[in-house]
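A, B and C label the chains in the order they appear, each numbered from 1.
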Amino acid sequence: MPDPRFFSVVGPFRLSALAEIISAEIHGACDPECLIEDVAPLQSAGPKDISFFDNKAYQAAYQKTTAGACVVAANAISAARDDLALLVVEDPYRGYALIARALYPNIDATNNLSQKDNIDATAELGPGVMVAPGAVIGPRVVIGANSLIGANAVIGAAVKIGKDSIVGVGASVHYCIAQDRVRIAAGARIGEDGFGYAPGAEGHLKVPQLGRVLIGNGVEIGANSTIDRGSGPDTTIGDGTIIDNLVQIAHNVQIGRNCILVAQVGISGSAIIRDNVVIGGQSGVAGHKTLGAGARVGAKSGVMSDIPEGATYVGAPAMPQRLFWRQMATLKKLATKSTDD
Amino acid sequence: MPDPRFFSVVGPFRLSALAEIISAEIHGACDPECLIEDVAPLQSAGPKDISFFDNKAYQAAYQKTTAGACVVAANAISAARDDLALLVVEDPYRGYALIARALYPNIDATNNLSQKDNIDATAELGPGVMVAPGAVIGPRVVIGANSLIGANAVIGAAVKIGKDSIVGVGASVHYCIAQDRVRIAAGARIGEDGFGYAPGAEGHLKVPQLGRVLIGNGVEIGANSTIDRGSGPDTTIGDGTIIDNLVQIAHNVQIGRNCILVAQVGISGSAIIRDNVVIGGQSGVAGHKTLGAGARVGAKSGVMSDIPEGATYVGAPAMPQRLFWRQMATLKKLATKSTDD
Amino acid sequence: MPDPRFFSVVGPFRLSALAEIISAEIHGACDPECLIEDVAPLQSAGPKDISFFDNKAYQAAYQKTTAGACVVAANAISAARDDLALLVVEDPYRGYALIARALYPNIDATNNLSQKDNIDATAELGPGVMVAPGAVIGPRVVIGANSLIGANAVIGAAVKIGKDSIVGVGASVHYCIAQDRVRIAAGARIGEDGFGYAPGAEGHLKVPQLGRVLIGNGVEIGANSTIDRGSGPDTTIGDGTIIDNLVQIAHNVQIGRNCILVAQVGISGSAIIRDNVVIGGQSGVAGHKTLGAGARVGAKSGVMSDIPEGATYVGAPAMPQRLFWRQMATLKKLATKSTDD
């Protein structure tokens, strides 16, 4: 369930009303007039939640889900529990997007935009907190003792930042729960919308991004880096991880403890980076990949596969470093030979 | 002609005065005392405009131009219309830059810097517009109904933003005409100077950037992305195109409708991206290249050539994806063999 | 010695107290009760400074240093002057970090965060300076005649900016001395912490970044670019150098005059870029490398070695361009042949 501190749900909706919104047929032994209150992933959805299924990787979760209803394509009907209410459409992700938009129509408007004062009266600032000129602190924000908020920084509604932390000048933090001793450098953007769209003939349909950014103790985030909030799950950064400037972290990424991400790295959506991983500058990691604990990625690499624990990968596409350097040596030799011919 | 809402021209100048500014000789059957009022590209220049020619690709436009005068190198004299006034110099681009600087000396000063209030009295805000604390709205700005301007965002003089749009916290928008339902995330920079310089022995001479950024309906632009305004032509983003975080779009780039640009992509000056193009994360496109409709570019690729309609390119330099993967497989095989030897 | 305009040192500390802070043994013919006032590099340290040695490249400087004391590992004891006071630890860099943190505990708090007004009363603005709404100017800032400070920009304590300069909207400048005719575009971040950490079992220990950013005459810096201040030495950008959008310059980098850095380039720590170097978009340069005067680097390259004066390098890893293109041609030929088989 999206965190109600950040996201205001409207509803409930009758299942029949949701079916109408997305032009779906209702299948299954269910009451079309039952009430649906929220969206949730298959794994955590309860009887008043609606979920969606469009990726074989989640087949097991689909079969076991306790969701009240699920948006699916016709070819997924047979695999469902008999008593699971199904909304059958051509594009389940697009269907989910439309329902989530109906349930959460006001995401942007609630995001501290309507307040009149720089520091909202409902914000709680701990002892020793310093707020520099021009900084804007939204409603229900909580900031721990001795933290510093830089000039012209913006802290969105209901954000929580621990003690002894620093938010740099001009940075912004939204939909975020951060622990203690966190440093966010100037201009970093925490908690913006993830890049989630359901493509379609009439254009790309924005999918409401209903997750948060969770930041561990002692995390440091460099200047002008961007960490998008989750789409439903959260984006998480583990204790002690340090992130350089101009790094991009997409929605739902999970980063472990004590990792090092050098400048201009980009991590695609739902990638998992385990503890103590080091990623060299300008490298990228594709979506949904897992980098095992202690893995290392050379600079300017493009990771398109999982990386085993402790392994070092280099290149684009990235491969074990020994293999990469052998390929480079082979190519060099062949090019020299071909000139000699 | 540069949009007078954004750029204040001084003058007119006599042709002889402009010749003196750039130490040019005057050629052609013309009156050196005629008045020149503005700069313009060869294709659109009229009798009171001065243009320049230094790139063979524009030879046809040069021969047909109705400009009042043109800055050229000596080797271009013979190709000109007899009655076209020519200012002959060694480096026509540098000559153009100096003339444009003389005609537009105050670009920066006019850019909302002198106002006293956060929201200028001449700005027109539609019904339902919300402006968060610290946001700065320049003179003659027009914002459509129900749009939201985030905390500490800055909207430069004469910018027009349609209805139902959002400008994120700390973002800035200058020299821009945006349609409806546009979303600009936190920290994005729309309309800054393009990277235009005439190199020279005594340093790189900045060329005034006299174009705009035109943004279509439903466009979304990610956090901390940068879209430079045109140098004379405009930079344009078509309806429904979505752009992720930390993306760079250089001056004069034309992007079509419903394109997808993933995080950290960079598009160099004057590139043309047709409709429905998808560009993977961290990829780059070289200047003046054209990507045909529906083209796809893999992540981390470097596009150095045009891409045909519907084709998928990968690699740096980018090539058809089948070719790329065949090369990778070949190299892998050869490297293995070379170890076996 | 760190510039006292930016960094307030506390102390002095007795050598014995510093040894206790880092759990070091004291070696050498020295007085453990002598007073240490500051940190400094081996080359410039005087009798009241403490330095550290952990990199063979600085062996000569270590043997000749006039520092009052030095943090070293046990295997470096024998190479020291007899009368040099040594604090012996397992990890000298971590030891240095802890001592620097003890001497400079208040870096962040002094950085204009406590002021009450947008323009501090002690700031000196030259004639014709314009400060747009929302801009914040810290204590002891000096801004030269006719410079423009954009809306919501932030200028940190004691920063000096010359005349005829522009700081774009929402940009921030800290720990920086800039000359005349400097242009800093919107959202650029000058002077943030360098990415300096001493790794350790209990997490990465932040090393205080005690240097500045020095910017020459006529330098231009693009939107949302980031230039970190030095760690002790300064980060320097030479006269006339132009830097595009979203470029990352790490701590201690030295860039010469009239260089061109295209968008999304990244320069790692302590790299040296001589005069008139051109670096194509999205390229990276590894730490501590030197690019000779007039060197050129193709777009999307990864420079892992020094580049000779005037040479053109391409590829990742970068190599002389002829070699790169020959390798590309060879690979293409081999891949075609392998298909024919």
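Everything that follows uses one rule, which is that a residue touches a chain if its C-beta (ideal position, glycine included) is under 8 Å from a C-beta of that chain, and two chains touch if they have at least 3 such contacts.
Given the structure is predicted, the values throughout are model-derived calculations rather than measurements.
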{"item": "For subunit A placed onto subunit C, the superposition rotation in degrees, Cα atoms, nearest 5", "value": "120"}
{"item": "Fraction-based call for subunit B against subunit A, same above half, different below", "value": "different"}
{"item": "Subunit A and subunit B: spacing of chain centres that average the CA atoms, whole Å", "value": "32"}
{"item": "Per-residue multi-chain contacts in subunit A, two or more chains", "value": "134, 152, 170, 187, 224, 246, 264, 282, 316, 331, 334"}
{"item": "Contact set on subunit A toward subunit B in their complex", "value": "108-109, 112-118, 134, 136, 152, 154, 156, 170, 172, 174, 187, 189, 192-193, 195, 197, 199, 203-204, 206, 224, 226, 228, 246, 248, 250, 264, 266, 268, 282, 284, 286, 302, 316-317, 323, 326-327, 329-331, 333-334"}
{"item": "Touching residues on subunit B, where the partner in the complex is subunit A", "value": "130, 132-134, 148, 150-152, 166, 168-170, 183, 185-187, 218, 220, 222-224, 239-240, 242, 244-246, 258, 260, 262-264, 281-282, 299-300, 316, 328, 331-332, 334-335, 338-339"}
